[in-house]
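In this document, chain identifiers A, B, C and D correspond to the written order of the chains, with residue numbering beginning at 1 in each.
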Amino acid sequence: MEKMTSPYRWGMVIDLDRCTGCGACVVACQAENNVALCDKKEISEGRGMQWLRIERFWAGEYPDVRVRFLPVLCQHCHDAPCEPVCPVYASYHNPDGLNGQVYNRCVGTRYCGNNCPYAVRVFNFYPHTWPQPLDSQLSPDITVRSRGVMEKCTFCVQRIRRAKEEARGEERVIRDGEVQPACSQTCPSEALVFGNLADPRSRVSRLSRSPRRFQLLEHLGTHPSVYYLKGGGREHV
Amino acid sequence: MSDTPVARSATQLNDELLSSLRPPSRRWYLLVLFLLAVVAWGLVAFTWQVTHGMYVTGKNRPVMWGFYITGFVFWVGLSHSGTMVSSILRLSRANWRRPILRAAEAMTVFCILVAGLFPLIHLGRNWTFFYMIPYPNQRGLWPNFRSALLWDMTAITAYIIGSSLFLYLGMLPDLAVARDRSGGWRRKLYGLLAMGWRGSAHEWAVYHRASTLMAALIIPVAVSVHSIVAWDFAVTVVPGWHSTIFPPYFVIGAILSGVAAVITLMIIIRRAFNLEAYLTPLHFDNMGKLLLVISLLWSYAYFVEVQTTWYAHEPIEWEVFSFMADTYTPQLLLMLAGNSVVPIAFMCFRRLRRSISVMLTVSLLVNVAMFIERFLIIVPSLSHKNMPFAWGSYSPSWVEISVNIAAVAGFALLFVLFAKLFPIVALTDVRELEVREAEVPLGRTRLPSIAGKE
Amino acid sequence: MKRRTFLQLGGMTAAGAALAGCRSGNEKLIPYLIPADEGVTPGKAEYYASSCRFCPAGCGILVRVSDGRAKKVEGNPAHPVNRGKLCARGQAILQELYHPDRIAQPLKRSGSRGSGEFRKISWDEGIALLTEKLKALQQEKTTDRLALLTPPLSGTLADLTDRFMAAFGSPNHLSFELLAPDWLRRATRQAFGRASLPWYDLAETRYLLGFGADFVEHHLSPVQYGHAFGRMRQARDTVRGHFTYVGGRMSLTGASADRWLPARPGSEGTLALGLARLILADSLHDEQALAASGLQREKLLRRLAGYQLTRVAEQTGLPQQAIVEVAREFATTRPALAMAGEAVAFQSNGPEAVRAVLLLNLLAGNLNRPGGVYPAGGGGAGPENSFSGLLSLVAKMRADRIGVAMIQGNPVHAIPPATGFQEALARVPFIVSFATLLDDTALQADLILPDHAALESWGDVIPQGSAREAVVGLIQPVVTPLGDTRQIPDSLLATAHRLGGGMAASLPFQSYREMVKGAMRRRIAPARGTDFETAWTELLRQGGLFGKIGSTGEGFRRATAAAWPEPGEPRFAGDEKEYPLHLQVFPSTAFYDGRGAPLPWLQQLPDPMSTVVWDSWVEINPRTAAELGISHGDLVEVTSPAGSLRAPAVIYPGIRPDMVAIPLGQGQQGGGRYARGRGANPLSLLAMIDEGTEPRPAWHATRVRLTRVSEKGNLVTAGHPQGSYRSDLVGI
Amino acid sequence: MEIIGIFGDLDSAARGVEGLLREGFTEAQITSLSSVPYPDGVLVKAGQRSWFRWLTLAGAAAGAVAGFTLAAGTAWLYPVQTGDKPIIALYPTGIITFEVTMLFAIIGTMAGMFLEMRLPPRGARPYDPAISEGCIGISVALHAGGEVVVCGEGECIGSIASLTPEEQRERATEILMKAGALRTITEQS
């Protein structure tokens, strides 16, 4: 059974030394992907729907306190634990190395959610609505997920698809930096860099070779497509 | 009709052992009504969930599995009672097994039926459950057999069919007897099921070979079923789940709860159909010994699991364990008491093993503890997964609790109906024993002579 | 096999897309079935350039519009301020446009003030009502009884309002905003002789010494400085810019620092001068720079004699070692940059302290140098003490010398009651609000002439202190207005025309759009005379006029006449015994001064530092909390001489034990379903401080007392309280 | 044509069997009907080799094929990458194959058993409910009659085989009654 091949292997590099934790990416993601509005109760029950969260860690004691920010989104693992456990192929691996989620196949076993070590999969516990006219903002490119299905970061696959169509029209491959997910597009400090890891000259590939690079929960062998660059604090000056 | 001793004792045996088939009393109807009510309440709760959404449960991120899966594992565990008890004992030719065979096997079938419902109940979109069934479909895809859930489905299907056939096989001669002694629709029903059994020497010969073979076949299935249930957890990367000892550990746990459940059941049946003569302290004594052994095995497995975690002290694994120990201390202690300390301590003593009340308490305690054990395996691990920032907690909602209670009632209901409809004590097996133990004169005394082999 | 595989996958994803269509209603599917209206290509997105007016930074935005609906706000890559980036607030202005509780047409108060009972009226009636009131003033020859309250305005809108007020004959135009950088403008003039906001070359600097300058959250131009910060850290191969943050509370900006100096509130100026003294003592300063500004080391040292290390350390409560290290690092790592922010400015000794910080730049010799300080382009002169303006207006209102108040923005919520503004406003007989939502101010209004949302408006913004070169951003409507609303300038024009006479004459424009266009025509007239229309369309396409106007020649130099900064002992409202804790009210990342609170995306955005959602909170040092028996999520009461409020407690390791901090923005009576009655407004706690003769906006100079009320704080945080301390488990 | 004698106890039933054998009826013709199994030889010898286990085996084989096709076949037809697992993964396929194998084996066993028992029977066969009450039936399958003495399969069919079925019936009845049968039943045909 030969594997599906593709000129792309989408990946991201997150420079923790640049990240200021400002939260622009969080809103960008929510705006781009029709992520539901969650009231206080919903979030208090641990049922928030945001696909991208900025984890804030405290280290040390006053006055030697440091804060570390860690933006966590779907790591689009090459060896994704969430994929094989899905009984209905709702979670699958696409040729570009994206960790796809087909909402209309999802039956809601939530097995993928359990088996995702990064806890980036969010489940539609509630049926979500947008009061008029807030629904006018909903993007026509992405489905509005019904209750009972799992959803998560897609690296803004709709943008990738658009870019692919354009590139196909011009019979070329997508140029570096041509397509960006909402989060990295808006990140003021350019901490989030997105690109094609299959192309060794792309910015993301070059950054992914940085000596500061590490991956989240590397020891689990999930081989994420997201690389982090260490940062934050004296020890890295 | 006849006045020969054998005949008389046979008739009398039939009368007593088939007493449960007599027309139901008011108490029986009340019981059935009560159980129906509870089940109905469960259905209401479930409907509420289906119409509103998963938020009516206590689940959240990261704890995406809760009471439903706990119930699932628990019931699959219970379902190991029959097959294990009856087939192991059948193969080991333990004669004392005979009166409890039927109850145990029936229990297996009903438990696995109940268990099979939980994965469907817990779906986010229950109405699309058929997406998981392998058949050529318009959606252009077959289910993913690389998913442990599909293994579950296959195994449970196999187990449901297998154990039902096993139950039926065991009942075949009894059905013939029931046929001969009843009239009306019952006669039709039994006649149909008895398949025209006459008990000719040839039939008996084949029958014995078949039942031995079935017993041998059903055991690996039972073992595989619970191993697969264990794999649901063991194949993940969830700290506290990803453990190689899980399959054997789960199987042992399953048998433990199974044996305990059979004991409880024996006591109930004994009372309900006044079969004191056939379910004697001897039987409880033996079951007690079995319980003791399994409980020892369980304790061993649990110890192995914990001590390796403790020794390796892998940060997140240990985090999960200490979180569980801190947050669920009372439950943890109750579990250890119920699954290990109490059974081992009590079952060591013949007098306690033969005391019905003690057996009842212990067996019930064991199953309460087993439910807690499943819960403590599933929930704490999910609460404190690898990403500390996204830790959470879980407490079941009224919906989940209702459905779990309804499951118990549903099981009881099935059993009560079954007991009214079919011989609940393995009539033929018991009579066979009686016949074999025909007393022969020897000098001035008479001794029971066990004739022939099985 | 390969091709077949691909087809199946294609099928699956296609299924997803199809569902996308029908699920999101008519957006995609219907237009294919029904012939589309002209100009609307179904499913095809258009991008329109505009400008964000959420905060004075004036970032450029591109709005993705599909089927005539605005879908997403993104940064405008061509815009020199934000270079295609955008902050959380900027992206949320979509929800200002589509807010379910927007005021769709003019309203006239029908109940008592604050009751929120209004009657829908037509624009005609509305404008008529306003003109009638204004006519009355004219007839009574008391035109100065008209007051106009706005945030600081720039560009054409400023011009229009000035003309309006001038023509009407009222001096009472107050442009006030809690976070307006007047203090900085003033300090720069006093220190560097130019009444211009500074523009810090953050990207090129190698050592940043921030005195409570929270440029990540709100200071001057968050996106611009956020971008610069990223470059300062990692854009240069061998250099990683170092960042030291001074401030009693570790703000979001402070969180990115390599070193945190939690100086005692109000001691920042002393610290700055202490550092200056150390630098001069070891003669690590930039001699030329000093000479150029006509200063001698010895003289300075004499002047700074009072600031020897021991005293500074004692006053600031910082270890001497750290002070010495920072002084050396700052002086030896060139270019080095010192920024002063609100945390410093809003102390009783704020102005002096800020100037003391600016002095450090002088010593480091980084005026008008790469990695140093430049005068910001465009801004030019602006209000330097609108706070006193506010107080005098309050006085006038108290004295019943204001008959009509026209209000843009939400001052009732965003001005500390200690100024007496709220009661004073209540005495004004006729209040006009231009609010888009029934916010706290609109609730007090007698007439509401609802403004357009930013995305429905015309206009131009001149970013304040956001760029080195002058920039004129254009605002253009990207969607047809949802309701029967008008943007403020058009309402004013209409009023002027109706008033007739001098008013009409001084504002001879059909529409504000025309006025904006005219202004732009004048701006680029010198550049190119020919064919303005094409130039105009081009400008609209790219979002404004960038880099055309170079920054006006001369940079900063020391103002020889400048008074020497002498930040004395800080003064605080509230007795130390009774009110042991310092209070800091800070603009939260999401809400700015409160204008973000009505937008659900921002309410839902976990505060980066506390991860709290949908609420206010009180930040308390773990030690203090332990002493007071307060634990995470408890409901606590904060009492100041001015008032008290209740909010859940957040255990916050990054704050001085003698401080508590509360975010601005919540606690609104109005502001739509998402903001109404949520959290508490800390401004109610603030007391006034008179420094010498003049009262000062010393918003950080109030002391408070803390008491635990119950464990039911109903606090919701995105982060797990214990998990937030376990970074060891993820290895960062 | 079949005749059954109903006996109230084991010994008389055994006597009946012996009587029949002496008369010339063969083991193959005689079988016992009882509601509890008696060890082989207590009454009659039914000890011929049983073949239904082959169906178990056949079922298992079929199951193995079916299981493998289900798991591997469908995955191969619709290959979807998941988590870098091979499209046809060894362990999952093995597990599914095992389960289906066992299922089919069990079904095969049941089917085989009934086939070998020749249950359910075609048409009604003589029977007496008293058997359920512990009585024992001794059934004789009578010869078509008019046969000459034949020897084969180790034993010779006695001269009895040459009589007409009707005479055979009378003889058998007589023997059974003498042995102490409570009554005899004859197949009505």
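By our rule, contacts are C-beta pairs under 8 Å (C-beta built on N, C-alpha and C of every residue); 3 or more make two chains touch, one makes a residue touch a chain.
Everything quoted here is computed from the prediction, not taken from an experiment.
With A-C and A-B as the two chain pairs, more C-beta contacts join A-C. With chains reduced to the mean position of their C-alpha atoms, the one farthest from subunit D is C. Separation between the centroids of subunit A and subunit C, computed from CA atoms only, is 30 Å. Centre to centre, using the average C-alpha position, subunit C and subunit D are separated by 93 Å. For this pair, subunit A with subunit B, the centres built from the Cα atoms lie 44 Å apart. In this assembly, the C-alpha centroid of subunit B lies 32 Å from the C-alpha centroid of subunit D.
Among the residues of subunit A, those touching two or more other chains are numbered 1, 4, 48, 53, 55-57, 70, 81, 84, 86, 89, 92, 94-95, 105, 146, 217. Across the assembly, subunit C contributes residues 1, 5, 8-9, 12, 719, 724, 726-727, 730 that each touch 2 or more other chains.
For subunit D, residues touching at least two other chains, in rising order: 78-80, 82, 85. Those residues of subunit C that touch subunit A in the complex are listed here as 1-2, 5-6, 9, 12-13, 15-17, 19-21, 23-25, 27-28, 43, 66-67, 69-75, 82, 84-88, 91-92, 94-95, 98-100, 216-217, 222-223, 226-227, 229-231, 233-234, 240, 242, 250, 252-253, 255-256, 258-260, 262, 482, 589-590, 600-602, 604-606, 608-609, 611, 613-615, 621-623, 653-657, 714, 716, 718-719, 724-727, 730-732.
Every residue of subunit B that touches subunit A in the complex is listed here, in rising order: 53-55, 59-65, 119, 122-125, 128-129, 131-132, 139, 141, 143-144, 146-150, 153, 232, 235-238, 382, 385-387, 389-390, 392. On the side of subunit A, the complex with subunit B involves touching residues 42, 45-48, 53, 55-57, 70, 72, 81, 84-89, 105-111, 113-115, 117-119, 121-127, 146-150, 217, 220, 222.
By the touch rule above, subunit C contacts subunit B in their complex via residues 8, 11-12, 719-720, 722-724, 726-730.
Interface residues of subunit B, counted against subunit D in their complex, comprise 1-11, 14, 134, 140-147, 150-151, 154-155, 157-158, 161-162, 165-166, 169, 173, 176-177, 179-181, 195-210, 213-214, 217-218, 220-221, 224, 228, 428, 431-432, 435, 451-453.
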